[in-house]
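Worksheet: the structure to be examined is printed underneath.
By letter and in written order, the chains are A, B, C and D; residue numbering begins at 1 in each of them.
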Amino acid sequence: GQPLTVIAGLNVLETPELAIETARQLKAICGELGLPYVFKASFDKANRSSIKSYRGPGLDQGLEIFRRVKAEVDVPVATDIHEIAQAEPLAEVIDVLQIPAFLCRQTDLVVASARAIHRAGGWLHVKKGQFLAPWDCKNIVSKVQEAVDGADITILCERGNSFGYNNLVVDMLGIGEMKKLGVPVTIDATHAVQLPGADPRTGGESTGGRREGVAVIAKAAVVSGADGVFLEFHPDPDKALCDAPSCLPLAGAKDLLGTLKALHAVANR
Amino acid sequence: GQPLTVIAGLNVLETPELAIETARQLKAICGELGLPYVFKASFDKANRSSIKSYRGPGLDQGLEIFRRVKAEVDVPVATDIHEIAQAEPLAEVIDVLQIPAFLCRQTDLVVASARAIHRAGGWLHVKKGQFLAPWDCKNIVSKVQEAVDGADITILCERGNSFGYNNLVVDMLGIGEMKKLGVPVTIDATHAVQLPGADPRTGGESTGGRREGVAVIAKAAVVSGADGVFLEFHPDPDKALCDAPSCLPLAGAKDLLGTLKALHAVANR
Amino acid sequence: GQPLTVIAGLNVLETPELAIETARQLKAICGELGLPYVFKASFDKANRSSIKSYRGPGLDQGLEIFRRVKAEVDVPVATDIHEIAQAEPLAEVIDVLQIPAFLCRQTDLVVASARAIHRAGGWLHVKKGQFLAPWDCKNIVSKVQEAVDGADITILCERGNSFGYNNLVVDMLGIGEMKKLGVPVTIDATHAVQLPGADPRTGGESTGGRREGVAVIAKAAVVSGADGVFLEFHPDPDKALCDAPSCLPLAGAKDLLGTLKALHAVANR
Amino acid sequence: GQPLTVIAGLNVLETPELAIETARQLKAICGELGLPYVFKASFDKANRSSIKSYRGPGLDQGLEIFRRVKAEVDVPVATDIHEIAQAEPLAEVIDVLQIPAFLCRQTDLVVASARAIHRAGGWLHVKKGQFLAPWDCKNIVSKVQEAVDGADITILCERGNSFGYNNLVVDMLGIGEMKKLGVPVTIDATHAVQLPGADPRTGGESTGGRREGVAVIAKAAVVSGADGVFLEFHPDPDKALCDAPSCLPLAGAKDLLGTLKALHAVANR
């Protein structure tokens, strides 16, 4: 079988040095474990709860950092897209282009992203909306296929379903339902544990999380059939500029990824 | 107290004649009932389930139709925005600019829309995402206020919450929670009854609905405190080019709006 | 059409005097409004969150109080049953026997209750479980019909659906679904607003509520098709021995019931 | 650490021979794997959707079968209780007494069951209601402790949460929340995959299931921290007299339990 793919890095780009160092460490760990690795970071947090939240360096500076990461660390990189006009410039640098969950039903954005990243030989990583049933992802997969002459470039990502107010739940049975659509499926364990709108540190102004739950969701999803994991780290999680409550310490990456590899092997033996 | 506001029209623009006729009839009915009226139609359905679905005439032709409706029927008009670049051209014509539910957390779109429509003297009508708690709309209200120097131009709209897969539920207690944010609240009864991803007529390819439920949700929301109703009609609902299952017959508009007016009066006496 | 039925009284029996006085006042109000009235109170709260909570006077003392209420106020009475052995003694006194929501799927309890209350000429009022879809109540209706030779003695009651953790939501479209089963449907607005497990006054040990929401749910359900309302009052709600947070002041009963009657008339005209 | 406990057997007792053979095979498999084993079967299905469904042999015949299983196979046995009067006779034979999910809030049943099984030296296995938050199980744990002078005899069992209508979802983060209450936690993977009220084979009259999902939920829960698994088998699952759609083939037990043991070892290393 295929090894477990790891899409991991920073929630949002901060300094170039932080990106390079994080990519370097995660690449080394995944190399040791024999797991394919993609560096991930956002250049813009376009749907923060509050207008005052840190949003990232933006497209131009972001692309500059991604170029440096690729040049200095030699890894494929993943980032998310927010507007149609970003598709072409992103596809020049990015290997795995991500559609954010809230935007997974925006036809024009999905089509433009699919075409741009397909021309560049990359993949489209689509986060399943918190409002979307796993089987209804078939419409997304179809939209992409029609846009790129039937090429299989879609990876679907589970990141939790709305479960009442201010809570998400991951349905482990949904992973198998998404795989029935014939595409690889990843688990975004980092965002799946977030408690929308309920971070006690900021009086409810930004999105909270449950750091200790990230490993639980990653492990459970891997034994439920996930082909890859999506994880966000930081050398000092409490100082991460975005979504600190669900951010994992980089120092724990090796242990967690080793456990996930072992579970993946048992579940797929 | 204020009379019940009616934002009503077509799901999506089809011919100019249909728009004009629908606006004319609804304006006449609301005039008779003493209810403020805004004509609503979409120029582009940007998040249809399938790439093959009818999407509407697009921005340029859509604006042309809205201009004719305003000229010939003399009504304010409402429509939804999908991309930042549409904010300025839309604000030149549109009186009530709508943020779609899936996009209600996209900061740049909300801010650009708020600024453009505020300069034009209009309102911003924000559909609450199916994934958003009513109290968390405060972040949306704040974003808009910061964008337009504190002006009160936001109207919040309830259109249902994710309730398991392929179902929505309207929490009537949520209307009061949104009103606590100091803004008017409308009920989009048409979209609230949709069954996402489950229209049996199209094998699950487009979004289903429960026509008979629209009046139930509208009535219940009005007595729960809603300040306005959002409804979609068609002279021949089964032939509507989008979301036919939740579309109401124009011939029934007078009865329904009359009932809603009477309930609003009782509930607010 | 039928007038709106009112099943109302105390959450739980406290003193006989309180029961008699509450029944007397509510009977007078309903008489003035022309609404059929049934006095409701529980004799035992058998599923309190905590073992320390007040549970009521129990079966024997409870029946004694119900007998006094009937003798002194001349009203039909409703109460809930918790065990099969209570069916016969309760049916001797009670007119409307209630199956609690958590117990609505217990076949033996439903059958024994149906048979006992049917022999006594009364009704069976079944609260729909928080875990049950409205259409799945057909199995309850069938069980009762088979138990009592097809007699129509079932009244279904909506009291909210589980909506994530520690929250309930009333689906106003569910009322129509239950009515399709051919039985009258009531709304238990008092329990529908409870926040299971989250009363801040007791550190989460008993079930919380949102008093201001009771009228909202009652009004919305009445215009959504409910044939009756179920409400709990107390002369001094904050001193009610059970579920105080969702208890209404008796002094407000006339206003609320008058509004409900007026809304029922408009919705059914 | 502790080995993974296996509570497994039949959904409902059919013939004594079937119970004995099933217990014998599962005991042998668990013995080989070094996993503690408890035979489980119900003697009465007291909350079937339809009055026509098979319910089992009843208390007296059921106890007779359990006695034979214990005598001939030498295993501890588990079964569920439905009424207070069953507590004493059950505790004479049963080792692990189960409170059904719908009944987990019935104080008298929980207390009577706890006292009877504690005197007999057994355990109380409480299924968490589909309507109950994991942290709110603390009230159940407290009730039991007060009933048995603080003895630790409670095992909590996760079996899915209401997720919209006709669906359940297991929240893998809930397992850790229940463990924070200081008790062992099991996963009832068999019932967690049931689709309440939606078995297509019987026109919605009995509760459906997704057999292929049982292993997924069991594996995911074990790596999420579950201390034990609860599983229902049958030599010929499609002929099981109750809940066939979620029943596993006995022939696959060894493979599944072997995988669960291996995953438990990796997750707890």
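Just a few scattered comments:
FYI, a residue touches a chain if its C-beta (ideal position, glycine included) is under 8 Å from a C-beta of that chain, and two chains touch if they have at least 3 such contacts.
Everything numeric in this text was worked out from a predicted model, so none of it was measured.
Steps from chain A to chain C, minimised over paths through touching chains, total 1. Comparing chain pairs B-C and A-B by the number of C-beta pairs in contact, the larger count belongs to A-B.
Among the other chains, A has the CA centre that is most remote from the centre of chain C. Between the Cα centres of chain A and chain B there is a gap of 32 Å. Between chain B and chain C the centroid-to-centroid distance comes to 37 Å (mean Cα coordinates, whole Å). Residue positions 161, 163, 165-166 of chain A each touch two or more of the other chains.
If you draw each protein chain as a dot and join the dots that touch, every dot ends up joined to every other dot. Chain contact summary for the complex, chain B toward chain D: residues 163-167.
Chain B contributes residues 161, 163, 169-173, 175-176, 193, 210, 212-213, 216-217, 219-225, 259, 262-263, 266-267, 269 to its touches with chain C in the complex. Chain B meets chain A in the complex at residues 46-51, 55, 82-84, 102-103, 105-108, 111, 129-136, 139, 142-143, 146-147, 161-162, 165-166, 196-197, 204-205.
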